[in-house]
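Scrolling down, you'll hit the structures one after another.
In what comes next, chain A is part of two complexes: it sits with chain B in the first one and with chain C in the second one.
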Partner chain A sequence: MTAVRAVRAASRTGRTLLALWLVLPLVPLLLWAFADRWTFPAVLPQEWGTRGAEEALAAGAGGAFLTSTLLGAVVALLATPLGAMAGRALASRQVPAGTAVLAVLLSPLALPPFAVALGLDVLLLRLGVPAVGGVVVLLVVAALPYTTLTMRAAYAAHDRGFEDEARVLGATRWQTVRSVQLPLVAPALAGAAFLAFLVGWSDYIVTVLVGGGRLTTLPLLVASAASATGSDAQVAILSLTSILPPVALLLVVGSLGRRRR
Partner chain B sequence: MSGGALRLAGLTRVHGTGSAPALDGFDLEVPAGSCVAILGPSGSGKSTVLRLTAGLDEPTAGSVHLDGVDLAGVLPERRGMAMVFQRPLLFPHLSVRDNVAFADRVRGVPRRTARRRAEEFLELVQLGGYGGRPARALSGGQEQRVALARALAAEPRVLLLDEPFSALDARLREEMHELLADLRMRLDPTILLVTHDHAEADTLADRVAVLDGGRLLQAGPMRALYARPASLTVSRLLGGRTEVAGVVRDGRHESPLGSLDLPAPVPDGPAVLVVRHEAVQVTTAADPAADAVGSAVRVRPRGLRALVTVEVTGDGGTTTVDAELGPGHDVAAGGTVGLRLPAGDRWVVPVDDAADDPVADGARA
Partner chain C sequence: MTSTRRRPGPRGRAVLLVLPALVPVVAVVGAALTSAALLSLGLAPLVGEPRLSLDAYRDAAGDLGTGIGLSLGIAAAATFVATVVGLCLALAATAAVRRSRLLGALAALTIPIPHLVGAAAMGLLLADAGFLARLLGVDPSSWPPLVGGPLWAAVVAEYAWKESAFVALVVAGVLSSRAASYGETAALLGAGRWARLRHVTLPLAAPALGGAAAVSFVYTLGSYEVAALLGRAHPEPLPVLAYRLFTSIDLAARPQAAAVALTTAGLALVVVLLSLRALRRLAAER
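Right after this comes the complex of A and B.
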């Protein structure tokens, strides 16, 4: 009895510590976001206010938020179906030298992004690819490892018998994809899309190097605000703005996955 | 719903170049409204027959004809068939009702009509009122009933059943057998059934095709196959237990059991005598009508009956004969008994069962 209780207590403590580890960095951010004045010896801000938010808005946080959202959405929209197709092909073992193909698809994870972006920037300029298009293409490639791996696992666990059954019952190839295959892998698709969205949402290096100032995303705004001698409140507001949408999305995706279990 | 006539001609499927064919020149007639079973051990190619028939795989050679029309190149969804697999494969994201309505929905039937018809088919498999449940909230037997209802709701010309009851326990399997017999009476579908269980084939099918190693070994009504198997392999797949090696001379089989008359003329030479254990009668050692006398070496109870293995020593060695005892009839292990092998139930098959072409070899009778 006591052993069980001890294990439970330990588990609870562990989970609490983990939650703290994740939430603790957010506490100073929250404090800074609404601190109009917070000088060194004080434990808490001396003056509360919304100056940080006003400054962030003035610096273009609204537009950057939209740009980031759009960039993440476009990357997710392109990388998810590509990853799903690659994942299905790899899971079916019909790809010759499948392991080698997988290694190539995963290579963006291993290569230093700075070097890749810098090298490809030259190539894209020579090819005459517009800056925004270049950013999207590179980010889609960077997102592919995540979407491919996620979907490969989903399709490996997927029973093709469902599709055979649907076909024999009269469903066309496309009807089978739409009404059987996609609903069955929907939780994995949502997860893959979420990861791809994050790649676009949080990217800094590719946007700076390849985008050439044409795209002002939230990470760029955060970085410039943080490196300048501006107000810490503004940086905190911008940082919070970049954290909250992914967290909200994660909750949505998580609940979607749970509903299917 | 009434079924169509299916004819399979020379169906061959080779999975990879150089590998042995999974199915080799398979011919089968399934008359409209009949139930034909394909009986074979796992890996015999019997599921391949169904996949080729349904159009899920392309035959390497041969053709599938439905009501006289060659289905070569016809997509699975246009063949007018439906299939029930060993796994129920109910779509987990749909309710029971929408699973059964699936075939109608993909054919463009309005949702309301499709759902009403789905309820009718659920009634038919005795699951009326289950329509609103999620597909994953059913027991194994219920799942397979829904799978059957879903296939029937597609109003197939041919219903393909791929070991549909193998994963169920004995009682549920029997219930499903009764349900299928009932559905056959009401709907008159054409059914092509695959099974590894000869008793199931016997219960459900009008005719049986025995398949092994991708080749058709024998086809015919189950009773004929039980009584006159074409080879030792067929006899074993049908649950035959007694195999007595010997030689045929002048129409008599000579073995440790003695010289036994055969019901039909057989060419001379080595041959194996097979007798169904159900046909062998166990009497006393003193019975003057006994064909052989031996000692019971093993007795295994099977409900009210028992299966007894009798060891007989005679000219040229020792052999064993299996016999099923009548209800209540008992034999002590080690006791001496007489055996009657009714002349009409004796049958001989060729010795060399590994012959390259068992179909052509046939029975020597």
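Right after this comes the complex of A and C.
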């Protein structure tokens, strides 16, 4: 009996520690975000307020939020259909040298993003490609492994019989894609788009190296505030602003996937 | 003439579908690596005549050596912690009795947090007047130098934290779909808690665990911002070294930056190939 109780107590302690491990780093973010004054050694802020938010807005958080959203959306809009088409082709096992093609499509996962950005930066400058275009192309390539893998898995589990039936019943190729195929893989498409959005939303190094100061995204503001001293409240509010939209999207995508199943 | 009017067959259609993704990847990766290689070998100088030389590698050799050791060390430490904690999270989130939905949800919500934000959070948590020092009531003068210290503790902690959630999600995905039935069978046959863990759950989780660990390792090896924010000025991990050389006002440092970038890419490739071989051997053992 005591052994069972000891195991149960150990398991409860273990779970508490695991939850603490996941949550603890976010606690100071939440507290600092609304702290006007929080001097050492106080465990909680002495004065609550919106100083951090005001500083963040003054530093250009509004524009950066829009830029980051737009960058994430453009990357998702380009990488999702490309990944879906590649995933469909690879799942059909009709691509010559399919394994090699998949390896090439996944290669951006293995290559350090700074190395690719650094190598391409010189070339883009010589070719006269606009900085923003360079950032988008690099991030789309970085997002393609995620969208391709997600959609390849979705199409591998997808039953093509429905499409054949639609074709037999007289639907055109495009009608079949639009009204049969896409609705069936919609949850996977949402998941792939979410991952591609994250690549654009979270990027720092590609925007810095290739963007050449043209793009001021939220990560750039977080980095510049975090490397300065005495702006902890601003760091915290900028960080929270960077966390909330993707977390909200994750909840939406998650509930979408559940409802479809 | 008729051949151009004919609709492509299934193979042709598959090729047409894969090309729009394949072309940009090949162009970007190929152009980036070629351009970096030419720059590092002195064949594409920003000023002066192109001349094949290994000067960039020779000049950067000292920093490159310490950088390789440091980057591998940080990646190994972070991956080790992430793998152990991630496995525990996955086990708790998929356990047959008292399954923890909370831990699974918390791990999933950690995934979309950008690493840079994780680094900012770790700074606020682990700095000498940070939240943890306040919680424990330790004076800044006697707080260990976790941020910017010689052991890179805050950097390792950030990667371990974020990647543990990733490992947990990957492993939990495998365990939730397959472990329950095997575990039940083993329990019916009289296997105890530890026997089930050792002979059923861990072997089932091993390939996913190994794959996730390899992805974490390669990611950590090539990631810039966390080490730049929470690390110290010297010595530098490879991405930080390359960034400093590349953005230096001294144009002669550019080829060295390319040399560091190519070395990091080569290192990542070796790690990927080694882990693929290890995973294949693991699969063959069954």
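Rule of thumb we're sticking to: the second predicted complex is superposed on the first by the 238 of 261 C-alpha atoms of A that agree within 3 Å, B and C clash if a C-alpha of one lies under 4 Å from a C-alpha of the other, contacts with A are read in each partner's own complex, and residues count from 1 in each chain.
Definition applied: a residue touches a chain if its C-beta (ideal position, glycine included) is under 8 Å from a C-beta of that chain, and two chains touch if they have at least 3 such contacts.
Keep in mind the model is a prediction, meaning the values are calculated, not measured.
Q: Sharing chain A, do chain B and chain C clash or fit in the superposition?
A: When both complexes are placed onto chain A, chain B and chain C end up side by side without any clash.
Q: Of the partners chain B and chain C, which touch A:168 in the superposed model: first, second, both, neither?
A: first
Q: In the superposed arrangement, which partner chain does A:77 touch: chain B (first), chain C (second), both, or neither?
A: In the superposition, A:77 contacts neither chain B nor chain C.
Q: With the two structures laid over each other on chain A, which partner does A:153 touch: chain B (first), chain C (second), both, or neither?
A: In the superposition, A:153 contacts neither chain B nor chain C.
Q: Where does A:184 make contact in the superposed view: on chain B (first), on chain C (second), on both, or on neither?
A: first
Q: Mind working out whether A:29 is in touch with chain B, chain C, both or neither, as first, second, both or neither?
A: The answer is second: A:29 touches chain C but not chain B.
Q: Examine A:57 and indicate which partner it touches, taking first as chain B and second as chain C; both and neither are also allowed.
A: The answer is neither, since A:57 touches no partner chain.
Q: For the overlaid complexes, name the partner, chain B or chain C, with more touching residues on chain A.
A: C
Q: With both complexes superposed on chain A, which partner does A:256 reach: first (chain B), second (chain C), both or neither?
A: After superposing on A, A:256 lies clear of both chain B and chain C.
Q: Nearest 10 degrees is fine: what angle do the Cα centroids of chain B and chain C make about that of chain A?
A: Once the structures are overlaid on A, chain A sees chain B and chain C at 100 degrees.
Q: Quick one: minimum Cα-Cα distance, chain B versus chain C, in the superposed arrangement, integer Å.
A: It comes out at 10 Å between the closest C-alpha atoms.
Q: Which residues of chain A are in contact with chain B in one complex and with chain C in the other?
A: Common to the two interfaces on chain A: nothing.
Q: Provide the residue numbers of chain B that touch chain A in the complex, in ascending order.
A: 51, 54-56, 75-77, 79, 81-83, 85, 87, 89, 91-93, 102-103, 105-107, 150-151, 154, 160
Q: State the interface residues of chain A toward chain C in the complex, per the touch definition above.
A: Contacts found on chain A: 7, 11, 14-15, 18-19, 21-29, 31-32, 40-43, 82-83, 85-86, 88-90, 92, 94-96, 101, 104-105, 107-123, 137-138, 140-141, 144, 148, 198, 201-202, 204-205, 209, 219, 222-223, 225-227, 232, 235-236, 238-239, 242-243, 246-247, 249-250, 254.
Q: Show me the residue ranges of chain A that touch chain B in the complex, using the header's touch definition.
A: So the residues of chain A in touch with chain B come to 159, 161-162, 164-172, 175, 179-180, 183-184, 186, 260.
Q: For chain C, which residues count as touching chain A in their complex?
A: Answer in residue numbers: 10-11, 13-15, 17-18, 20-22, 24-26, 28-29, 31-36, 39, 44, 46, 85, 88-89, 92, 98, 100, 102-103, 106-125, 129-135, 137, 139-140, 158, 161, 164-165, 193, 215, 218, 221-225, 229, 238-239, 242-243, 246, 254, 257-258, 261-262, 264-265, 268-269, 272.
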